[in-house]
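As structure tokens, here come the structures.
The following pair of complexes shares a single chain, chain A, combined with chain B in the former and chain C in the latter.
Presenting the complex of A and B:
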């Protein structure tokens, strides 16, 4: 029975990995601008992320190795540097956005400008990542992440989905000149959801919890329930944006605007629930990102690693953690709005997805690691198709957005 | 495994063709007015931000959000809207001088509200909401025209 509490790993991976500053930003903006017309992208991303999380958990449980160490072992050190580099570029932007998201959440509670709270948020992330045991990192944000269920309750309280919105599900209203914007949001949704750091975090978490082949059912349930939970929260934000913000001509271009959608049915409690959910999701994501990068580097370079170890027992792992956090703080202090940073990070991630995820496809088909637990044909084809879609959309939309002054 | 290796070889062999096709696709769709002009985009964003500010101010006086929440939101609106009067005139797709001047005339009082919103009853918050609504409407109209 105890091992089923391991579901928390899935919930926290979803809380931080599925729902984060990027997902909240893209979901709110998607609903406010295009009604339900981008829910398809969330569903595609959900399928992809369920497959990815299931694969990385299965790999760790069967091979007893984490993803990064397997990349280096299978492809050599030089090749390993390619996904590492793409990870470092994309995730440093994302970590800065997540810390900014925490600062904005704190700002919504206190009224103090998020610029002043940014260092406080970074300090909070560092303290938790530095000293908190893995179980606290799992359970704390996971429990708080349940607040995202309030998004669903808000939709019910608002009277449910209006019938006139339904056609936007399959026929979004894209005005002349807005197609690049729409595609950019598709790329951002895919990149915000299919984040490679999930693989490093989840497979390392499975090793921290000493999963075995006996954990495969738990792994599958965790992937589906955890990511399904995250997807539900994300779709609920789209619907809230469409129901409340779109009629008011609000495009959800700052994170606090989504709280107005929660305030409409619930008043101040709704706004606070939104701020608390934003805090939980961004904190969970920030911890996952900073740990994922530290896991990645420590495993790739063959260093001692582990969140349950004291810093002195895994010094280089903890040093990387601190340095990466400092890089993200440096990016954040340049002053770019966290929401725009999150959108940019998500699109950059979509662009790098083939580099980050193609090694997984190869490893997951290697019987030396997985015996008879290798991927089936359906999973391979589904992943290749999704990767190609994400890459194409990103390569098309990113330059167009930048040329037209967006992004 | 063999299938993946074949696929990777195919991608490697035809990488040049794939990149060429992507560039052709990019140039083609870029020529199909997939993007808005910088002015249209900025005006649309400004209109939305003024609308959000108006709703925020209304909600705080209806007790739907706290003063702290509103104050934090206005910091973000300030970041988004400050300096538009300087950048708008030089952007691509700028409309005629009369339309631009009308927008700038509405921008100024609306920005005064953004910088000093009435979050309590000591000042005329309804007049502030009206100023924000006027600016929002004008910017959105120009953006959609």
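Presenting the complex of A and C:
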């Protein structure tokens, strides 16, 4: 029975991984600009993430190794540096964005400018990462993440999906000159959703939870339910953006604007719920990102690691965690809006996506690690398709961001 | 996995493998090896090497002298073959963590940096 509480791992991975400062904003913007016309991208990303998460979980359960360890052992130190460096750059930006998201949520509650609340938010993340056992890190944000269901409730409260919007599902209205922007959002959604840090976090989480070969069914269910849940929240946000923002011609450029605009129809309660949901998802995401990087480094270099250990039992792991948080705080204090930071981070992630994901294809077919639990043919083909998508996204992301003026 | 009686080992079984002590602590990864080519024709693995100097050398051999100059061998550690119980993705060592000098960084960080932060679990 206790094993099934591991389901929370999936939900928090989704809450943090799927829904974060980046996806909250891109989803709202996607709905505001193109109605339901970007939902297909979310669905594609969802399928990809479910597969990737299932694979990394299966790997960790059977081989008793996490993703970063496998990369170094399979490919050697030199190659390992490539995903490591890309993670360091991308995730420092993303972590700053997530902490910014927490700060914005807090500012929506308190009225204090988010710039001042930024260090407070960072401190909160650090305190949880420092002492909280893994189960709290999973369950806390996961429970709060259920708040994202309020988005679905909001849609119902607004009268449900207007029929006029349905055609945009398969025929988005792209005005002339907007194609670059549309494609940029496609790449941003894919890049923001298929985040490599999910693999580092989830596979390490599976080790923290001491999953074994007997956990493979749990892993599969967790991946599907968890990511499915996150996808639902994302789609709900797109619909909300379409219903509320599009008629007003608002296309948000800051997270705060988005929140206020979406909460308007629901008054005080709406504003509160949005802030709470934003707080939960960004907190979950911040924890995941900072842990993913710390796991990556500690495992890659062979140090002791783990949230279920006291800090002095894994000193280098915890020190790296603290230092990385400080770097993110430094970036955040430069003042860039968290939404812009998140989109920038997504572009960087998208650029390196092929390098971060390709190792998984090789590792999942290694019988030394997985015995008879290696990938079947279907999953291998699906993985190759995902990699092709990743390559395409990598190639077009930067030019599109420039062409469209950064969304 | 090859049976340990007649194991034909390749670099993959040794390089970058996790070093695990008898008390199940992780003290690093194999960064390099030292081998001897003896007069009787035998090529023998003598030591496993771990540490940032060796790692730097793996990235680019030109960087190795620079690393030696900066780090002066303080962080370089050699583990003799006799300490190895088996090879593979995890190399198991015969002694306990405290018997190895590598991993002292962990202790140093715990004693000198983490001690100032409340809740460190000492």
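By our rule, the second predicted complex is superposed on the first by the 389 of 407 C-alpha atoms of A that agree within 3 Å, B and C clash if a C-alpha of one lies under 4 Å from a C-alpha of the other, contacts with A are read in each partner's own complex, and residues count from 1 in each chain.
By our rule, a contact is a pair of C-beta atoms (placed from the backbone, for glycine too) under 8 Å apart; a residue touches a chain by one contact, two chains touch by 3 or more.
Predicted model, so just to flag it, every value in this text is computed and none were measured.
Following the overlay on chain A, a side-by-side fit with no clash is recorded for the pair chain B and chain C.
When both complexes are overlaid on chain A, the residue A:104 reaches chain B alone and has no touch with chain C.
In the superposed pair of complexes, A:267 makes contact with chain B only, with no contact to chain C. Of the two partner chains, neither chain B nor chain C is touched by A:330. Residue contacts after overlaying the shared chain place A:181 against chain B, while chain C stays out of touching range.
Which of chain B and chain C touches more residues of chain A: that partner is B. Residue contacts after overlaying the shared chain place A:247 against neither chain B nor chain C.
Seen from the C-alpha centre of chain A, the directions to the centres of chain B and chain C diverge by 130°, a value given as a multiple of 10 for the model superposed on chain A. Looking at the shared chain after the overlay, A:361 reaches chain B, while chain C stays out of its contact range.
Between chain B and chain C the least C-alpha distance in the superposed model amounts to 16 Å. Chain A uses no single residue to touch chain B in one structure and chain C in the other.
Note for the complex: chain A touches chain B at residues 104, 107-115, 175-181, 183, 248-251, 253-257, 259-260, 263-264, 267-268, 270-272, 275, 337, 358, 361-362, 365-366, 380, 384, 392, 395-396, 399-401, 403-406.
Contact residues of chain C toward chain A in the complex are 1, 12, 15-19, 25-29, 31, 50, 55, 58-59, 89, 105-107, 109-110, 113-114, 117, 119-122.
Taken together, the chain A residues at the contact with chain C in this complex read 63, 65, 69, 72-73, 76-78, 80-81, 130-131, 301-305, 310-316, 318-319, 368-369.
Residues 1, 3-4, 7-8, 22, 25-26, 29-30, 33-38, 40-42, 44-45, 47-49, 51-52, 55-56, 59, 63-73, 75-77, 79-80, 91, 136, 140, 144 of chain B are the ones touching chain A in the complex.
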